[in-house]
Amino acid sequence: MWSLPPSDTVLHLLSMVAFAAQAMTAALAAGRRSMDWVGVCLLGCITALGGGTIRDVLLGHYPLLWVANPSYLALTAVAAFVTILIARVVHRLNLAFLVLDAIGLVVFTMAGCDIAWQMNESLPIVIVSGMITGCAGGVLRDILCNDVPLLFRSELYASVSAVTGLFYATAFGLKVNDEIWTALTFVFGLSFRLLAIRYKWEMPKFVFNDERR
Amino acid sequence: MWSLPPSDTVLHLLSMVAFAAQAMTAALAAGRRSMDWVGVCLLGCITALGGGTIRDVLLGHYPLLWVANPSYLALTAVAAFVTILIARVVHRLNLAFLVLDAIGLVVFTMAGCDIAWQMNESLPIVIVSGMITGCAGGVLRDILCNDVPLLFRSELYASVSAVTGLFYATAFGLKVNDEIWTALTFVFGLSFRLLAIRYKWEMPKFVFNDERR
Amino acid sequence: MWSLPPSDTVLHLLSMVAFAAQAMTAALAAGRRSMDWVGVCLLGCITALGGGTIRDVLLGHYPLLWVANPSYLALTAVAAFVTILIARVVHRLNLAFLVLDAIGLVVFTMAGCDIAWQMNESLPIVIVSGMITGCAGGVLRDILCNDVPLLFRSELYASVSAVTGLFYATAFGLKVNDEIWTALTFVFGLSFRLLAIRYKWEMPKFVFNDERR
């Protein structure tokens, strides 16, 4: 799917932007923990590239994206570093970054599905592969910042990824025209995520206190 | 060893129960952190399947169990989800879950030893493979809950896994009848773990304070 | 490069010492968290061997060092265990351990570069491979101790690894005599790290507070 112009070209550009955006929001998280400049760049790279890396390791899909193409390391490290210089601006553009992060979630999910599909994995694994690609980078960021991962606590994030993956994957079965379906999935996933942010949709929480502990 | 009836069938059933039990106790841990429903299911899957996943990645043993057979994902996610509905019951059955968790520890340890053995690894790696399979899922759970892993702090858990693996692995050398040895190891490991819980056996702790820090 | 005497023999001996030293400092960290004896040994193994393990998994370089040669597990576990007995001595030898840790950083970085080079990776990946080998073990230690990784917060550690790797890797291009270059890199990296410790060189920190959060 990634080899088809022009939706491919668009998706590729969008994923570049999304890599940079995820590195930049990770850099802000690093700043909240007073990390040094190297730490900021490392956290940016790990957050932006971590999801795809975990997916590839779990599926045995070598070489990893950034090993085959180290320019991704440069892109994300530079994006994180630039954030140090323009932190106030990035913070004020909060809304724009929410949209860019949502684009990243959807594009990475679709890329993850594509990879698993190319490896002839079953439908559930195609969807899980999309979820890992879209979500695991943020989990690594939160672990390295010593937080309980946001993904597990709030917001429709993993759910958006799962539903987007399911929507996208049905196209493989239906043999729908790739271009159209890719565009449809993108619009659907992005809308879902942005609506979830706008109206503060949340999964119910499971609160359990065992007084006797 | 997993291919021999009837001990195989029994072990397979026990491991299904153990997967579910580990997902359910992980779900309670998620509830203590007020995770949302998706987080509960993710933590259940990661805890129950994480040990075997880390083992397979470290040994280069592809495809992973749950990639080849995604029904394990469904089993553990559903078990975690059901726990949300019956949390009080699960908590009251604390004792039953301690036993189920102990069964999981022993069964997973044996399965990990089997896999390493099939890959012709050396004896130490067979035992380490069993330990990783039995213990690493709980470590992932504690990292994601932002705790210092329980495994490193208290109880005979890793030790039970190591001793069970050693006991089990000697059979490979001694060419003892598989069925009997599997059953013996199971009884031995389970008894060891339950006695350790009952009599609060603990490893000595290493407490180090450097006032000068 | 590892196959050439005598710098090879020296490097091999140095790396044995460095494995033990990293396991011992990890054991002190475990003691600060009151881990039990098994936890101390596990943390020692994971810290000392974790960097190379993550590198090998990311590069798809199997079998892992300690799987092929389990004596590394014994070395690091024993070193960690011995630390329990002589914690005060180890702590008083703080300075010696800083030097040993610096030796480990440089030797592991060079070993990581060698491995990536043997796999015909590109120059950036050779350097990243060195950084992962030199630094990732400490990150795992800090995650398991529930800290924000020290690597991300302070000191020239990742930077020393990166610069050492760059210095070392240029030799591959220049086709300099291996022995001499290895020795030069070692002296350069070690001096850099020790000077950084001595004069408290630090990367600037990125401190970001968003009051409006």
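Going by the order they are written in, the chains are A, B and C; count residues from 1 in each one.
Throughout what follows, contacts are C-beta pairs under 8 Å (C-beta built on N, C-alpha and C of every residue); 3 or more make two chains touch, one makes a residue touch a chain.
It should be emphasised that the depicted structure is a prediction, and the values quoted were computed from it without experimental measurement.
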Contacts common to chain B and chain C (chain labels): A
Chain C against chain A, contact positions shared by both copies (same if over half, else different): different
Centroid distance [mean C-alpha coordinates] between chain C and chain A, Å: 30
Two or more partner chains touched - positions in chain C: 57, 60, 143, 146
Sites on chain C touched by chain B in the complex: 27-28, 30-40, 42-43, 53, 57, 60, 62-64, 67, 70, 73-74, 84, 87, 91, 143-146
Contact set on chain C toward chain A in their complex: 57-60, 121-122, 124-125, 128, 139, 143, 146-149, 151-154, 158-159, 202-210
